[in-house]
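These are the structures, in structure tokens.
Below, subunit A partners subunit B and then partners subunit C, in two separate complexes.
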Partner chain A sequence: MTLIYRGRLDAAPAAQGEVLGEWDVLPADLLPRLATADALVVLDPVSFPFESLRPADWDVPVLVSLLGLGADDIAALGDDALRRLLPGDAVVAEAAAWDLASADRAWPDAMWLGPATASGVVERFLAGADRDAKASIRARAVVLRRQLQQLHPWTAFDAGGSASRFRPALPSYIDWVGTPPAAVVVAGDLAPDADPAALWEAVAPGGALVVLAEVVTVPGGPERAAATEVRDRVLAAGPAGALLADVESVPERPGPHRTAAVFTFLRGDA
Partner chain B sequence: MPDRDEELRALRMENDLLSLEIEALRERMRRGGHDAEHADGVMVDGDRLRRLEEARRDLKWLLQRLGSGPLGTIMRRRTGYRRLAERHLSEE
Partner chain C sequence: MRVVVVSNDLVPEMGTPVAAPGLRASGLAAGLRAHGHDVTVVVDAAVVERYGGAVGDAAGVEVIAMDGLMPFLEDRIPVAAVLINANQADHVFESPGVRFVYDLFAPRLLEVGQRSDGDQAATLDRIRTRKLKALGMASAVVLNGRRKAGYAAAWLERAGRDPKAVPTVLVPMPVELFESSPDAEPRLVLGGYLQHWSRPGEWLDLVAGAAGDIPIEMVTGKHWGTSREPDPGSHLSALIESGRVVRREPMPFDEFRRVLAGAWAFVDLFDDTLERRLAMVTRSVVALATGVPVIHPPFTEIGSLVHGAGAGWVADPSQPAAVSEAVAAATTDRGEVEGHGAAALALTRQVFEPKAATAPLAALLREWS
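Then we have the complex of A and B:
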């Protein structure tokens, strides 16, 4: 079921779904609906209670319309709403509003659906909305963020661009440099055939290598290397003093399992 | 329906991950001297360790359930299950 928050607007619903008005979003009513919704379309974000959403509520793919909003409104939405959007979500906005909202947020262009909530635009988003995929990105981004916060890097290098899908959720103080070496190198998805030696070459002396890897071969899924194999392979390719400083598994939702982890390695030659 | 061997393999890999994570946390605590703060100032999250221990207990419970009753007779014939049981049910 898609939830469409029309709020104070009289606009016709942009797609099939349960239409909610300004008085239909008391948190006690809204949150249980969000827990099972396939997608959330917010046509009047200024009056939507984003601040009531708990972290896991953001697993639902969200489309936010910024049509008709000024710079002040967009700035006010930043903390509670826009800061939380990730790939898997979408924004409808005029070009100027998109530029304003996306500045410093590392949103990919694919998140911008253009300047109209015409039925086709919203329906295309809803057709591709995938709650599990969004939850997966969000869960990985949360762990990656936590590991990076421990290192508190001012600059980092995104090896292979693979961390870009998590960037909107990563600390905004990080300056992502275009070329290595960097104090912190982030590999957003360590492929089974990746060469960790190339990653280590990008790490400046005394720096850290942060690797997200899928470490469980789920039934029917692609072949993965186990966590200890990843650790051994990366350490074997690193300099003599390299060590594993931390490993944090990613809790999957839905379900109790853990199939991915973020590894933080230190060069150990400061 | 997923093959039981594939499920066991996934369970084994998940256990490998949790064990490594717990090992890393214990190592950080050991180096820090106590469970609140690492020597280099990085906080160790005691709640995280607790959650991991809970997850590991759940996985052990699953192994015990798989190994009991009529199904257990079949499971114990599987090398993968025996390896997991030896590793995680006989260590304490």
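Then we have the complex of A and C:
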């Protein structure tokens, strides 16, 4: 089911779904619906109660329309709404509004659907909306953010661009440099055949290597290295004093599974 | 209101050499007392035993075995017990009427990450377990620098807490003023305990070179509680062997401040690492509170304060010209040094003086009483 919040607008719904007005989104009504919704389309974000959403409610793919909003409205939406958007979500906006909203948020261009909520645009978003995929990105981003916050890096290098899908959720004080070395190197997806030695070479003295890896083989899925194998492989490729400082598994939703983990290695004797 | 501060190290009132955690405990106590709280500092008897030397009695300081900490707290019923770091987390547990404040003082995991002596995995496990327990029980968290806000929030989440629901207050390192003005002739003081993260690098040669024949006193020794001798590195070893510096062993805190007093600058440089970026470098705070300008890297929070207040010179240790210029400035113009020293004292009055530094914590404790 898609929830379409038209709020105070008279506009007809742009796609198939349950249309909600501004009296239909009291948290007691809205939150249970969000828990099972396939997607959420917010046509009137200024009156939508984003502040009521709990972290897990953001697993739902969200389309936000910024049409007709000024800079002040967009700024006001920042804390409760825009700061939460990730790849898997989408924004409809005039070009200037998109530039304003996306500045410093590391949103990929693919999140911008253009300046109109014509039904074809919304339907294309809904066709691609994948709640599980969004939840997976969000869960990984939360753990990656925590691990990075523990390090408080001033520079980071995104090895292979693999962390880009998490970037909007990562600490904004990090300066993502285009070339190593960096205080922290992030490998957002450690491929089974990747050589960790190349990652270590990018880590500045006294720095850290943060690795996200899929570590549990799901029945019917691809074979994956166990967490201990990932640890040993990365440490074996590192300098003599390298050590595993922390590892945190990623809680998946739906269900109790944990198939990924974020490893934080320190360079040690730099 | 009665408050207990639990120190994981010796405190300066004991007349022994001290380190940052003991200064922290003592400074918090001084500040809270200035706000009218009745403060007892508890020092772990095992720490005193390990020290092995003579320890003086001090008013307001009690040495107790940590298996007696909870009975002590349940007997005294303070409005809160403030834990400096999480070393004593193994010895505390939930008890009606006992509130814990966790002073998330040092980025311990990052400190351990600077070592390579083989037992880090076990040490990291122990630190993590204690930290999570202390955060799980904490009614409030104290931070000594703004940069630790995200660090603390991340760890609170790890402990299953909502960071927004746990009061978190900023309490910079509280250090009493010890006013001094520069000696007639230039003199530099360099160092502090040699730790695994000190990394005395090439900048040492630059400091010695730029200082010419100006006296340099070096207070660089091993903390008594450190089991392994940190590697001084080739630059420090060479400097010591050259006889160019007057080397002093660790000394009681009052004596350290007398050595500092009148110096034209305190040199506190180190390489740029994750650990150093998060640290609130105590030795520099002590120098500032003694009216001694510091030469400090720009990349720490202290560096920003020094730069903003004009309380010394910021120099990136990886930039030879910057280090040489800072040393030259600190050893040639007494008027400039005097100005920076006055700014250091003004900064201390505003930020580090115990009553000012502890005001947010004192107010929080008052709310609880």
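Criterion: the second predicted complex is superposed on the first by the 269 of 270 C-alpha atoms of A that agree within 3 Å, B and C clash if a C-alpha of one lies under 4 Å from a C-alpha of the other, contacts with A are read in each partner's own complex, and residues count from 1 in each chain.
Following the convention adopted for this analysis, contacts are C-beta pairs under 8 Å (C-beta built on N, C-alpha and C of every residue); 3 or more make two chains touch, one makes a residue touch a chain.
It should be emphasised that the depicted structure is a prediction, and the values quoted were computed from it without experimental measurement.
Q: So, on subunit A, is it clash or fit between subunit B and subunit C?
A: Subunit B/subunit C on subunit A - steric clash.
Q: Tell me the contact category for A:218 with respect to subunit B and subunit C: first, second, both or neither.
A: first
Q: State whether subunit B or subunit C is in contact with more residues of subunit A in the superposed arrangement.
A: C
Q: For A:171, decide between first (touching subunit B), second (touching subunit C), both and neither.
A: Only subunit C; A:171 stays clear of subunit B.
Q: Where does A:240 make contact in the superposed view: on subunit B (first), on subunit C (second), on both, or on neither?
A: Second partner only, subunit C.
Q: With both complexes superposed on chain A, which partner does A:150 reach: first (subunit B), second (subunit C), both or neither?
A: In the superposition, A:150 touches subunit B and subunit C alike.
Q: State whether A:248 touches subunit B only (first), subunit C only (second), both chains, or neither.
A: So A:248 meets both subunit B and subunit C here.
Q: So in the superposed three-chain picture, is A:184 touching just subunit B, just subunit C, both, or none of them (first/second/both/neither)?
A: After superposing on A, A:184 lies in contact with subunit C but is clear of subunit B.
Q: In the superposed arrangement, which partner chain does A:54 touch: subunit B (first), subunit C (second), both, or neither?
A: Neither partner.
Q: Looking at A:227 after the superposition, I want to know if it touches subunit B, subunit C, both of them or none. Which is it: first, second, both, neither?
A: Only subunit B is touched by A:227; subunit C is not.
Q: For the combined three-chain arrangement, which segment of subunit C clashes with subunit B: 130-138, 238-246, 256-264 or 328-336?
A: The one stretch of subunit C in steric conflict with subunit B is 130-138.
Q: Under the contact definition given at the top, report the residues of subunit A touching subunit B in one complex and subunit C in the other.
A: On subunit A, the residues that contact subunit B in one structure and subunit C in the other are 150, 244-246, 248.
Q: Mind listing the subunit A positions that touch subunit B in their complex?
A: Residue positions touching the partner: 150, 215-220, 224, 226-228, 231, 244-249, 256-259, 261.
Q: Over in the complex, which subunit C residues touch subunit A? Could you list them?
A: 109-110, 112-116, 120-121, 124, 128, 147-148, 150-151, 153-155, 157-158, 197, 199, 271-278, 299
Q: Mind pulling up the subunit A residues that touch subunit C in the complex?
A: Touching subunit C: residues 145-147, 149-154, 171, 173, 183-184, 204-208, 240-241, 243-246, 248, 266-270 of subunit A.
Q: Given the complex with subunit A, which residues does subunit B contribute to the contact?
A: Listed in rising order, the residues of subunit B that touch subunit A are 2-3, 6-7, 9-10, 13-14, 16-18, 20-21, 24-25, 28, 42, 48, 52, 55, 58.
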